[in-house]
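Two complexes are shown next, each including chain A; its partner changes from chain B in the first to chain C in the second.
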Partner chain A sequence: MATMTHEEVEEKMLDMLEEVCGDEEVRDHRDEDLFELGSLDSMAAVELLVDIEDEFDVSIAPTEVEREEMNTVNLIIEQVEKRL
Partner chain B sequence: MSFYADPSFFVLLFVAVVGAAVLGLLEKPLKWYGLVASLFFVALLFMNDAAQFACFVLFLASSVAGCALIMRTPKSKWSFRIALAFTLYPLVVCKVSGAFDASLLGFAGISYLTFKATQVVIEVHDGIIERMSPSDWLCFIVFFPVFTSGPIDRSRRFVEDLHATRSRDEYAGLLARGIVLIAAGMVYKMVIAAYIFRLYDPHGWGNAGLGDELWQQVIIAYQYGLYLFFDFAGYSLMAMGASYCFGIRTPRNFRAPFLAVDIKDFWNRWHITLSFWLRDFVFMRFSRFALKHKLFKKRLRVAQCGFMVNMLLMGAWHGLSANYLLYGLFHGVLLAATEAFQKTKFYKAHKKELWFRGVSWFVTMQAVFFGFALFSGQITRLACGA
Partner chain C sequence: MVLNAFVESVETQAAIAPWAIAFEADSCCMTYGELSSASNAIAAKLREMTSDRFPVVVFGHKDFRMVASFLGCLKSGHAFVPVDVELPASRIGDILSQLDSPFVVCAAPLSGALAPYVATDRVLDISGFSDPAALIDAFSGCGVPASDTWVSGEETQYIIFTSGSTGKPKGIEISANNVCNFMQWVRTFPAVREGGQVFLDQPPYSFDLSEYELVGALSTGGRLHAVSHELTADTRSLFADLAKSDVSVWVSTPSFADLCLVDPSFSESMLPSVKLFLFCGEALRHATAAALRERFPHAIVANTYGPTESTVAVTYCEIGEAELASDAPLPAGAPRPGTEIRICDPETGEPCATGDSGEIVIVGDTVAKGYYRNPEKTQKAFSQSSLCDGTQVRAYRTGDAGHVDEQGVLHCEGRFDSLIKLHGFRIELEDVEENIRALRGVKQACVVPVVHKESIAYLKAFIVLQKHPDGTPAYEEFESDAADCAACCDNGEGKVEVPSKLDLERSLKASLAARIPEYMVPRRFALIDEMPLTPNGKIDRKALAASSRCKRA
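Then we have the complex of A and B:
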């Protein structure tokens, strides 16, 4: 796990986000608020947290990170990388 | 003494705010002054009711014990369960006995204090709160501006404000906003809500034609809903404003709820601190558990069940009466149906169009006011033939 490069993490996360949001456009809008866009809601956020835990063995509790710090594609990737 | 209603409360609030303003403008910390003021106000709240005061002390003792246990062994599952039980049992006993008109262990504010204390226990177990001094905990739990009816703040945010060193300008800004919020809240509650309440005249089904009678009941439901909003939003603004004067930026509880275009949107705008508390600590926990243990085949079912559990609990939190439980059930069903509807191609194709948003807003408002009619008991009274 420790050997994963930034690009690998990014690619895995983009696949995951595309799947959870059900929208391939997330790849092109990496700094937009996904909650505002309607791509993420509370349920999708939970799915994402569970998937992150399965994939990277990184556990993030639902209230651990403020929404403003984890509401865009880039911020989500950053939060995961911080914990790897 | 009843908070934000009795004239004597406002006189004492004014005196307390003057003290806070002097300290704040001199750039002194407000923590201990705020704590003393809170204890003083809480003493006044229970002055004529020794039984309620005893229940409050019991709640404090029991949740302190729970909190101390989870702090000592945050990762232990059993500590977590016991700590939760210690924190929640007074509220559960109060609500269950309330269903039999007894209200054992209850005191003004128990529902709000319990949720605040529970948040601390859960986040200590999650490893998000690593330490919290006993005095910070007490300040958070007994903070008088939000003691009786919220808004429900979060401890990490609260403690950050509690220890913030603010410049004179920064505090003056908070104080000015606080005073404006209190004034706005007074207008909401004492002018607008009071006016609507004067018009509000609930009555049963009469002998006029079906259309006339139905129209009258609709008007009653709308009057009640608007009264409820201005009364509670007014209270919440005042509570927020008083908090600001003590340097605590208590979060807002309402954000134009009658502009909501769907029921999910409504719950992001109505009684926000309760709805977000339930979202974070019930809905998200439930759905995470259900996903991890694969309780359902479809993701949609997880969300729908989560909404039902969440909203039934919301109803029960208001009280274990038929009206509140029906209110929770109704909103649970609405959210579950909305979740399914928003997955359809029809919704995705039209959601941004103006006509769709207009229709969706209108339908949402009728559902919301029907919900208020359940909450107020209007529907059950009509159903029972009154």
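Then we have the complex of A and C:
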């Protein structure tokens, strides 16, 4: 896991976000608030955290991160990479 | 003879321990004494303002005014119809028009959008009272209705509106007897039977799952610990609130527990008093039950099953090692006393052999009276029947598939029709489709559930837009109710710009959210040129569902 490159992590995360948000457009809107876009809601956010744990063995507790620190594609990727 | 055993038992609690807390949310509390007085005050005011016994709409969210109003309605001879503020105005409008300009108790201020549906002289606005004492004071001059005014026997106690296949919600009428029979059963549950427990009060009151804690807590001297929609949306504040709550009976959908379980701090050390997790509303998954047993080794995890049409739930099953060891879906449990579960052939109605799968038919003393002012739908699903001992009761065809094993335990296997459960909410896919088709510019719509990890993760809508004669989609027809609609603009030169897929989705979501509850709005929209058809010429739902399978499942 530790040997994953930034690009690999990014690609995996984009696939995952596309699946969870149900929308390939998220790839092109990486700095927009996914909650405002309507791509993420609280249930989808939970799915995402569970999937991140399954995929990267990284657990992010909803209580440890403010929504503003994890509400765009790029911020989500950043939070995951910090913990790898 | 007891007129209304539920109201009676709340009054008994108020007489024994008037100082005990009946309801708490954020900073506001209401004791049993205050609940009794506040509901008397509301009942008195209602009798003054209405001379009939028609259903009364109670509009609001998770606060003491709602709970006092429910009881106030019952004491003044009115069924209550809980309507949550989170529902979109047009949906509430549908409910109000079906009830034929009902009297409305406003526990929250009515929004301007609802004004046209409500006559100004048919409203009791109690939204301004910030605590029970103020409310009791304000109506102190009115006489308290005598107990023979209470809703009783076969009269309707409450009407819950749920998703209907025609695009309009339908009302399920639960009688006072139904609730009393349900109450006798709930009071035998572990923890609940000890009395004085603290119940998590999370589901909106317009969802009948909330009757679990309303009836369970208030008839046993328990305390409702209410968490609002806003609080639920913010895990950090929610957990801070729960940690102080002393909750001992947890009532929620499995989805809500899943949401909490994502955080490792959700465990016995945060909620040391939890004795019972009570689930209903959707299938309880192995993963959820196993995680709860690990995090809360001293609590009982119980699965229950039942549609709104049979008063919250009719089967109960504690999930232990044996149930978790099997790969089969977790059992729904054995029926309560007063209920018999029959499995019948969905086509002929003939009983199936033990162990065989068929349609679940619920026969018993908690089966609803039927659908409000809808004899046709009522006749389709409800009938008169009798229990094995000869007691005359109603029967309800659930449309759920399942089988009963040799031990008499029910196992659920999904649905026969297009009614689905998403995160505990029941949704008629046709209801969503009707509402999408009602949007301007939309020609056809088909909604399919997308399954991920044993349960429905979200809904996906396939949409065919109206077209010009040359075959290009008529985007200019497309119109959103949302003010910030970017999808449908004329660029000023008479030419219509092709909107981006994201803009289209956003405006579809916004328009739809103005018509149906948030939980019914599909997460994903796909625009397609035409609907795939089956050889019979029907929309090929299977093909659409197959195309939207989760890739990573």
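Quick notes on this one:
The rule is short, and it goes like this: the second predicted complex is superposed on the first by the 84 of 84 C-alpha atoms of A that agree within 3 Å, B and C clash if a C-alpha of one lies under 4 Å from a C-alpha of the other, contacts with A are read in each partner's own complex, and residues count from 1 in each chain.
Following the convention adopted for this analysis, contacts are C-beta pairs under 8 Å (C-beta built on N, C-alpha and C of every residue); 3 or more make two chains touch, one makes a residue touch a chain.
This one's a predicted model, so the numbers in the text were calculated from it and none came from an experiment.
Legend: residue contacts after superposition of the two complexes on their common chain; A:16 is shown touching chain C, with no touch to chain B.
Within the superposed three-chain model, A:42 lies in touch with chain B and with chain C [touch as defined at top].
More residues of chain A are touched by C (comparison of chain B with chain C). Looking at the shared chain after the overlay, A:30 reaches neither chain B nor chain C.
Shared contact residues on chain A (touching chain B in one structure, chain C in the other): 38, 41-43, 46-47, 49-50, 61-63. Across the complex, chain A meets chain C through its residues 15-16, 19, 21-23, 25, 28-29, 37-38, 41-44, 46-47, 49-51, 59, 61-63, 66-67.
Those residues of chain B lying in contact with chain A across their complex are 122-123, 126-128, 154, 264, 279-281, 283-285, 287-288, 291-292, 299, 302-303, 306, 339, 351. Taken in their complex, chain C has these residues touching chain A: 232-236, 239, 255, 258-259, 262-265, 423, 450, 452, 457-458, 460, 500-502, 505-506, 509-510, 518, 523-524, 550-552. Residues of chain A that touch chain B in their complex: 38, 41-43, 45-47, 49-50, 61-64.
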